[in-house]
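There are two complexes below, and they share chain A, which is joined by chain B in the first and by chain C in the second.
Coming up: the complex of A and B.
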């Protein structure tokens, strides 16, 4: 029993990281209609950007914004230089998915000669360990959970209370109508890539902090639970992605405690398949902030 | 509309430019420094260069480069210059098959292929054998113990022997009785688990837990907590990429800052593994708490010195090459390439169907064969009408009827610089005794 409780505690950290990344991933899809399979590689590239700063002697907490800025700029450029031209040409969704897959491979293979095939670790102090029953979390892990909570609240506030958030929701619901209503949808899309790219950068850096070691190959591993959480919650729904992250994060950890670590992803995906069978649109697709108004 | 076309064109241009850079980066090949009117020969390095096992490929590429340099400096193989080329399998059979097929179809000048780890050997070896290309594989799978592939060669023992050597070292050298098995869930790593369990149980030790962990996960805290609850004396492990680093970091963290002793397979004697794990748990912890079994290599002698000199010299082509000076796999694959080259010289043929059978003779030696440690002396001896026996960087070769060669094991630690320090020896006879006792 204590192992299950401990696993639940570790699941809080996992779900925090998945939540940050999955919200960014699903917002990209919701607003720009782009399933960006290069997301995991952008996470890793951002993690390496933060590592470069951290390795130069800067605190990882100061390097975290560098990772976020790198992710934002990188994602913005990816869209402007590669994705947007294809979308304007009328490339369909499947075609765009294939292009993003190609971009993912290109990023990984360009990164390899730059950063090498060595795994790296941030220079960080894990801080004191906090105990709550069988749950034991380090200071860094508690901070990661706090970062996730702040990011989630910020995204909620953005979408709910700001003009930009409303413009994003309108663009996601019907870009043509939004444009006819005077919303500068092009600028909204640019800002969406910057914001979701920043989330991607933050997610990559905190994932690197949590795992203690990462390499170029980690990108594809990061992507799997992100996609699962996004689909589980309802593609394009940030709040659904948050719920999906909770479920995927906790299921993977608890199943590792109950069944076998070998099957922890299998269990998570079995639940995903079950949800897809019972509710193909995902848990919150109809009520997501980026879904059609009304 | 025109603007749209231009933008799409620009996007395509960027994509192709990036692809070109990427392909140039990952599909690199060495070029021979010398010149010759004869057609060049190629050594294919087929292994994972990307993916979770990406650390393996460079160790094998580091074997090829010094071999090619030594051969080319001696005038090439009968005047044919030699170069090395990487073929990435990503550690996946599904990617390995097209990589092998492309390699064979595109390069009619392959003199030998090295690499083929457990990740891909089962799918690659049949292709190479059918194409009549001598291969020197690093797979540890027992299915190759009695292989019928005549072009297959293995200069390292099967993984089960690694597992038996770990068991022998843990029980005899350290007197550990309770062992946790923590291996990656990939084909190569799992090959150790069955033999280790059988040997441990057969010799009266306890397997406290057997964890097959998914590679590359961001965290293993639940797995580590479960493992710690079983109170092992030592952890046996092989989980490549960042996996062991993450796992061991969490062991230290969740065990109140105290690391448990952990013991690795010969694959963990690797600069990439060392860098990853020391980055996560600190150099001193690795020096104090980690041991590994490695192939029985002395890292000395004229064959090793020749290898080391050439390895250092190829740093201009591959800056990390000198870091592989004590990687058993690197040494043995270097030897394999040399044996193939000398077999070509002995048979005066570049046709693999002619020289393949002679590789075994060059490795084991035939009656009256003269021992050679460098390619140049080998060629010289052959030209004077002598048969040669190659004793190179990895020492003696003793191929059996299935072209499997085995030696004893050494028990090693790392020093703070990542160099291997021998702290014990297991001869082939001792290993065989453990195999018998463990029911192997």
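Coming up: the complex of A and C.
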């Protein structure tokens, strides 16, 4: 039993990382109608950007914003230089998925010769260990949870209270109508890529902080729980992604304690299959991954 | 020399089969099967465990299920069947209600997970080490190391590729093929005309799976080993690159793509002088594959040999629409 309670504690950390990344992933989809399969690779590239700074002797907490800025600029350029031109050309949804997968392959293999094949880990002080019953978390893990809570509140405030958030929701709901109402949708989309890219960068860096070591290959591993959480919550819905992250994070960690850590991803996948069979629109979204009525 | 030529040609036959299947699924019917490689892997593993003896043989250094030691055509037939039978369960989950791009990512995730499960379950198909010493077809009757055998194997595989080519050609030129293209162009309209899009997608999925299974059997019968590292998800993307370069929806394009991308790339890099740190050339190869896809989708989305446009001549005497209206009044 105490094993499961301890796993619940790790689940809190896991869900924090998945929440930060899945909210970014699902917002990219919601606002630009684009499933960005290169997301995991941008995460790992940002983690390496933070590593470069960290390795030069800077504290990891100062390197975290570097990861965020790198992710933001990278995602922005990715959209401006590749995705947006293809979308303007009228490439269909399937074409865009193939393009993003090709981009993901290119990023991973450009990164590989630059950063090398060996796993690296951040220079960080794990801090004191906090105990609560059987739950034992390091200072870094508690800080990751705090970062996630702050980020979630910030996203909520952005979407709920700011003009930009309103414009984003309008663009997500109906881009043509939003443009006709005078919302500069081009600029909204640019800002959306910057913000979601920053989330992606933060997520990549905290994922690297939470694991013993990471390598380029970790990029595609990140993606599975993110996709599972986004679809479970309802594709395109940020709050859905938060709920999905909580469920996927806890389920994968607790199953790791009960079954075996190797099958973490398989559990995430099993949840994904159940959602696709029973409720493709996810928990919150009306449309989600559901096809148009046909 | 014989060894080199036969290897290239057998790989060509396998890639042509795979590209024909992808062209049928993606080019003609518009299904992006990002888990294609697991169908090929399923065929290869099936052919392997059907033709291998019990896992206690060979000193028992590998563990796997079955080990039936069946004689030649049976493992290949089994592989084709397993490839086909794998399609319905996947198709039932993925192809029914999801939006087309979600179908694609669901299959991508499946491909990653399948590889993870096989790697972490050594008792099933020998985990990460994979199957080795798979007996070559009819190797109990002929000397598998002789030139004659190698050539016979090559010609046999190429013949199978030709046969499948004509089957797929017949299929896509038939009225059924026309329905498939209608579904690709506008699924809602095809549904409205009474075409059952889900059933058509399932059929194409099964046919493609069978071809993939066969291609896996041919490959494993030649190279005699099969492990998770040979069927990682980017391998599917190479085949997609081939079909996009060659021309999707056109079988000649699929063949050309298979010869240019998987075969041509491998051969071209073989003659490159080694440069840079180890691993740089494979990484650059992947960058080129990604670049090929992006470049072709941007500059020539229909490929080198585009799909033939099917136009129908207008009827000499169009039906009198007005008259029918008058009759209805």
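The rule is short, and it goes like this: the second predicted complex is superposed on the first by the 284 of 294 C-alpha atoms of A that agree within 3 Å, B and C clash if a C-alpha of one lies under 4 Å from a C-alpha of the other, contacts with A are read in each partner's own complex, and residues count from 1 in each chain.
Please note the rule applied: a residue touches a chain if its C-beta (ideal position, glycine included) is under 8 Å from a C-beta of that chain, and two chains touch if they have at least 3 such contacts.
Treat the numbers as computed from the prediction; the structure is a model and nothing was measured.
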Combined model on chain A where chain B meets chain C, clash or fit = clash
Ask   = Once the shared chain is lined up, is A:256 touching chain B (first), chain C (second), both, or neither of them?
value = first
Task = Could you look at A:110 and tell me whether it touches chain B, chain C, both or neither (first, second, both, neither)?
result = both
Message = Output check: A:235 vs chain B and chain C. Expected answer is one of first, second, both, neither. What do you get?
response = second
Inquiry  = For A:62 in the superposed arrangement: first (chain B), second (chain C), both or neither?
reply    = neither
Ask   = With the two structures laid over each other on chain A, which partner does A:102 touch: chain B (first), chain C (second), both, or neither?
value = both
Inquiry  = On the A-aligned overlay, A:93 touches which partner chain: chain B = first, chain C = second, or both, or neither?
reply    = second
Inquiry  = Contacts for A:217 in the overlay, against chain B (first) and chain C (second): which applies, first, second, both or neither?
reply    = first
Message = Just to be sure I read the superposition right, which of the two partners does A:10 touch: chain B = first, chain C = second, or both, or neither?
response = first
Touching partner for A:265 - first (chain B), second (chain C), both, neither = both
Ask   = So which bit of chain B gets in the way of chain C here: 63-71, 117-125, 153-161 or 405-413?
value = 117-125
Key: Contacts on chain A seen with chain B and repeated with chain C across the two complexes   = 82, 85-86, 89, 99, 102-103, 105-106, 108-110, 112-113, 117, 220, 260, 262, 265
Task = Would you tell me which residues of chain A are touching chain C in their complex?
result = 35, 37, 82, 85-86, 89, 91-99, 101-103, 105-106, 108-110, 112-113, 117, 220, 223-224, 227-228, 231, 235, 260, 262-263, 265-266, 269, 272-273, 276-277, 280, 289-292, 294
Key: Touching residues (chain side chain C, partner chain A) in the complex   = 30, 32, 34, 93-94, 97-102, 104-106, 108-110, 112-113, 116-117, 120, 187-188, 191, 197, 233-234, 237, 240-241, 244, 276-277, 279-280, 283-284, 286-287, 289-291, 293-294, 297-298, 301
Note = Per the touch rule above, chain B residues touching chain A in the complex are 4-5, 7-12, 14-15, 18-19, 21-23, 25-26, 49-52, 54-55, 58, 185, 211-223, 225-226, 229, 241-242, 245-246, 249-250, 253-254, 256, 272, 275-277, 279-280, 320
Remark   = The residues of chain A that touch chain B in their complex are 3, 6-7, 10, 13-14, 17, 81-86, 88-89, 99, 102-103, 105-106, 108-110, 112-113, 116-121, 126, 129, 136, 138, 207, 210-218, 220-222, 253-254, 256-257, 260-262, 264-265
